[in-house]
Amino acid sequence: MTAPDILTTEALSVTFGGVRALAGVSLAVREREILSIIGPNGAGKTTLFNAVTGTCPPTSGRVRLHGRDITAKTPDEVARLGVARSFQNLKPFAEMTLLENVLIGREIHMTSGMAAAILRLPLFREDEARQKRRARELLAFVGLEQRRDHLARNLTYGERKMLEIARALALEPSVLLLDEPVAGMNPTETGFVMELVKNIREQGITVVIIEHDMKMVMGISDRIYVLDHGELIAEGLPHEVRANRAVIEAYLGGGHAPAH
Amino acid sequence: MFLQHLLNGITIGGSYALIALGYTLVYGVLKLINFAHGEIYMIGAYLGFILISLLPAMPPFLQGSLPLFLLVVFGIAAMICSLYGFYLEKICYRPLRGAPKLTPLISALGASIFLQNFVMISMGAKDRIFPQTIGMRAISLGGVSFTPLQLTIIFSSIALMALLYWFINRTRLGTAIRATSTDPFMAALVGINVDTVISVTFMAGSFLAACAGVMIGLYYGSINFTLGYLGGIKAFTAAVLGGIGNVPGAMVGGFLLGIIEALGAGYFSSEYKDVYAFFILIAVLVFRPAGLLGKRSDERA
Amino acid sequence: MNARNLRHDLFFYLGILLICVPFLKIHTLYVLPVFLGAWGLRRFADFAGENRLMVTLRERTVNSVLAHRRVTVGLILAVALLIPLGASDYLIEVFTSVILYAILATALNITVGLTGVLVLGFIGFYAVGAYTTGILTAKFALCGFWIALPLSGLAAMLCGILLGIPALRLRGDYLAVVTLGFGEIIRIFLTNLNGLTGGPNGILGIKRPSFGLFTLDHPRDFYWFALAVLSLVILIVARLVDSRYGRAWIAIRENEMAAGALGINVFRKHLLSFSLSAFFGGIAGSLFAVKQGFISPDSFTFYESVLILCMVVLGGIGNVAGSVTGALLLIAAPEFLREFSLYRMLVFGAVMIAFMVFRPSGLLGSRVIAQEIKDRADDGP
Amino acid sequence: MKKLLVVGLVGLAMVACTKKEGQEGAVIKIGAAGQLTGPEAVFGSDMLNGVKLAVEEWNAKGGVLGKKIELVPGDDQAEPRQAVAVANKFVTEGVVGVVGHFNSSCSIPASEVYHKAGIPQISQACTNPKLTDQGFDNVFRVCGLDDQQGKAAADFAVQKLKVKRVAIIHDKTTYGQGFAEEFKKNLGTGVEVVAFEGIAKGEKDYSPVVTKIKSANPDLVFFGGIFTEGGLLIRQYKAVGGTAPFIGGDGIMSEELLKIGGPATEGTYATFGPDTKEIPSAKGFNENYRKKYGEPGVYSVYAYDAANIILQSIQKAGAADGKKITPEIRAIDYNGALGHIQFDAKGDVKESPYVVWKVENNKFKQVK
């Protein structure tokens, strides 16, 4: 019996003044699955993430998490419900240290109130210590632990991508949406990220990835959806999608034999 | 009585509109409120005062005909004021072009205070009084009385607005300004020198503010270095009322605000005259930031 | 300095002289030394920037100061406590004003410095606090100072929330102008509500606070009381900054969208910092009312708001110690240079521009610079 | 380095204040406080010159109690916080008597500081009754009060001009509004107040107010405030076709009113003290003042007399100590430039003759 759906969209569409970025997309993400969404540039992949996380509310259609309707929720409500995301164009808190960046992710799990913070009560100290410990674990998980007190501004491009993943994991999400996690990375880094994603899935987190790097997509995805011009044109296991005529035409513009 | 209030409102509304155009033009191009624009208006008024008090030293043909003399005064004051606008942009805004939102605002605030005190120290803190040159005799027509000066102010503000409208929509430079305000990045790509466009926008805004300053000086007869502070806020309210960034909007907003203030103070209570402008400002910003004519765009935080 | 950009500079400065002539007439020549000074300063600033010696000097001192933070704070507190013993009543009065403005600057810093939101009508909260105390203790004598003080803070906080709810949804410069409007509306209402606020005559005879029989009449006693309040405010703000609240605020300043995606309710955090600022502004207002004994609308003008903003900017945006230094410089210095009082605001304006262009992080540098230098130190040679 | 910078500065301030203020007792210090800078600086300099003249005359005759008199000027920039700072500065520098503060919103907070320090204060221009209502024994004034000035203006309007409909405007300052309320109180029943309007000081456009006043067609328009707003109101009132004459107080008694208002100010009335140019006792003062400082301001003579009263009281008290000087001032029977001056229990001048002036062909003339 296949695992129950954790996140589904029903006829989701988004239009920006006449331009239909998403046209009636309905897809289902199964629990503890690694799902990839691929498609040529401008196919509406990031718009899909924005619509799901409430960053830009959809014009029509429904988004459901564990069956509950979360369409009208604001980004912070969606995050609090356990859906974490990373951004295509990186958004680290440049003027804050790595530890502080991840601690922002821990914010919704913190319990100490203002009075406790001001009076430095034990409740506050324990809460902070606990969260800092968890944050350092996450930094270690992505291999950035020893530079925890450095400013995010001084990180390399690859390290910033890792920080985004650590920050998103700090929410202890049930679903992790990764927007082009390995774009611009060399093969060794890509391999590291692939291991990371597998690990995340081991911890019980469902992962949805938008990616162009076919080696990664084919390598670790359980299932793949293909988007083109805002519409779903294919769905299935990696090898099925690779052989699908419509997908090839979308990517290569028709008239080419599938690459073996 | 209503007509009299209306006439008062239109007269003051004309100068609000001229100054508001400065805010709208700069906002269009830089997406930034030019806090020091009120002071350019005040400097225009003082330049008008300096030039008019030089009347005796002027060549005879100017002394003879009043309209010609006034034209010369408006011209020179506007020219110098546009240079002030140019330097304001070069010194306070250009170095901060990419900086976070807060820094140019504070730098503009500093410029506003600097200019106010520069004029206060050089021209003295006391009110400066315009010599009585233009006919002040009140003519009354059907219960409404007005002076020839009021008429010249209303017509010249409309003429200046028409001039700006022509400049913005019919000249090459005007098109460059409009292009830059819609999308500075693309404008640069197609070869428009964005820096010169921004300088020209500041100079055009200052030109109009200077004319408004000279008009206000003539109409009220006495000016003071704090003229720019309240005038600036009122004009900004007019610009936002009409839809910040929208040129016709600033014109409509200016006249509208002038009339609302005149009627409000006339019929309710004049003690709260300034409060009306501030309430309108806050109400428009909160409920309809795009203003009356502006296009809906994501002005929200 | 090649020829082309020398010619450019020449035209640039000549143009400025030209537009100064109508106002300064023959005094325009005085402007020349100012330019030479500015030009020289600019060259020195570039030189100091690259020169190895200057940079390491700055780094070493910041390191030493950061290393034994406790000592420096203790030292400053000791000096502040001893001042009244040696100083004349006039100087104690001046330093009490410094303390009041330091509270205001620290309060404003929570909003401007931490969440990056420019508040221009901040004096409105100061006025609400002062008038609440004035009305409660003197005009209608409903309660003593010790009840009026918290109530003043709460009244200002309420205004902060009422203003914040609509205003905080707006973009930066819009929000700044709305708060400017708020400050002006408060002042106009204070001038016109004669029954409640005494209108232009203000409120008289506001008593100094007293502990049982002992009242704080002597400037020295009031100075220590104000110093205690300032230290408490700084302690609270510093501890909040070094907690989840401070981090959330700075994250919002850095990048609202990313903060939202991490589950932070951006609007509520903005409102929290805004109302906290307003609360401490109200407390400072209450102290001002009992210190001066008489309040009238002309003490709460727009210039006061600008003065406080200047302190925050000068001291270092987001840096608590910076705001206190800013208050010290901008209130104590003009008192000693009374004869230059005419040029006071002119210099403030120029300083604000200069700092924004050359050193946006202010005198003491924002928290970031210190942190960065520590980083480089950790990396080793 | 930065935190040390802070410590250094604070330390410097400490050192600066530990050295005692100059040598004690060799000089007697008199304070003169007012707005020496800002839009109304002209009132401040008039006051300062008046006090300077008195001090120089006494020093020429060997000072007082055998000691030189030193004049200490204080600039409150017409702002309450600065006024308190100036008052404290005087206390620290050992000033024994103060002439000043010009406007009420400065004089009142400063009077508390002088009261605590026991230093006598004589204001030359603060006409708001609240100053002496505070019950401080060391606070006096040589100028009239708003209630006396209000009554004089009301009596003139009712008895001389026989007006039936009056409009009242004030500039919402401590002085302007207080004066307008006193005028209204003294109008009595026969006169109808057709308008009572406040305007914002520093504004330029009063056309809405003057239009409303014109439509109420009053016989007389009262204005409580300073010449700047006064001139603008008169000018704009005539511009919208208003015909009733204006009446104001000492605030509008200045050449500036005629310049701002222009020809429209013809026929404007104003209440003020007797013409110091006419009273015989002020002849000496006018000549000496004109020699040193040019045309005397409206308040120079008041400041001159206030300084003389303090110095005469020091001489009678035999000691430069505020506590001893104050009773002497209270009991003084002084004949000076303004004529005969005595103080009542509260510290106000017993009788201050207010007369009405009128603008005739662009000059202020006393109405007989």
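The chains carry the letters A, B, C and D, assigned in the order they are written, with residues numbered from 1 in each.
Basically, contacts are C-beta pairs under 8 Å (C-beta built on N, C-alpha and C of every residue); 3 or more make two chains touch, one makes a residue touch a chain.
These numbers were taken from a predicted model, which means no experiment stands behind them.
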item: Where subunit C and subunit D overlap in contact partners, by chain label; value: B
item: Chain whose mean Cα position lies farthest from subunit B; value: A
item: Inter-centroid spacing, subunit B versus subunit A (mean Cα positions, whole Å); value: 50
item: CA centroid of subunit B to CA centroid of subunit D, Å; value: 38
item: Cα-centroid distance, subunit A relative to subunit C, in whole angstrom; value: 42
item: Euclidean distance of C-alpha centroids - subunit A vs subunit D, Å; value: 74
item: Touching two or more other chains - residues of subunit B; value: 271, 274
item: Where subunit D touches two or more other chains at once, by residue number; value: 37, 172, 198, 200
item: Overlap residues in subunit A, where contacts from two or more other chains coincide; value: none
item: Pairs of chains found to touch, sorted by chain label; value: A-C, B-C, B-D, C-D
item: Subunit B-facing residues of subunit C, complex; value: 12, 15-16, 18-19, 22-24, 27, 112, 116, 118, 120, 166-178, 180-182, 184-185, 188-189, 191-192, 256, 266, 302, 306, 309, 313, 317, 342-343, 345-346, 348-353, 356-357, 360
item: Parts of subunit B lying in touch with subunit C, wherever the complex brings them together; value: 32-33, 46-47, 50, 80, 83-84, 86-87, 90-92, 95-96, 99-107, 109-119, 121-123, 229, 233, 236, 240, 271-272, 274-275, 278-279, 281-282, 285-286, 289, 299-301
item: Complex contact set, residues of subunit C against subunit A; value: 235-236, 239-240, 243-245, 247-248, 250-251, 254-255, 257-266, 366-368, 371-372, 374-375, 378
item: Contact footprint of subunit D on subunit C as seen in their complex; value: 57-58, 61-62, 65, 72, 75-76, 79-80, 82-83, 86-91, 93-95, 97, 188, 191-192, 199-202, 204-205, 217, 219, 292-296, 298-299, 321, 324-325, 328-329, 332, 335-336, 338, 341-342, 363-365
item: Subunit B partner contacts - residues on subunit D that touch it in the complex; value: 37-39, 41-42, 172, 197-200, 202-209, 211-212, 215, 228, 231-232, 235-236, 238-241, 256, 259-260, 262-264
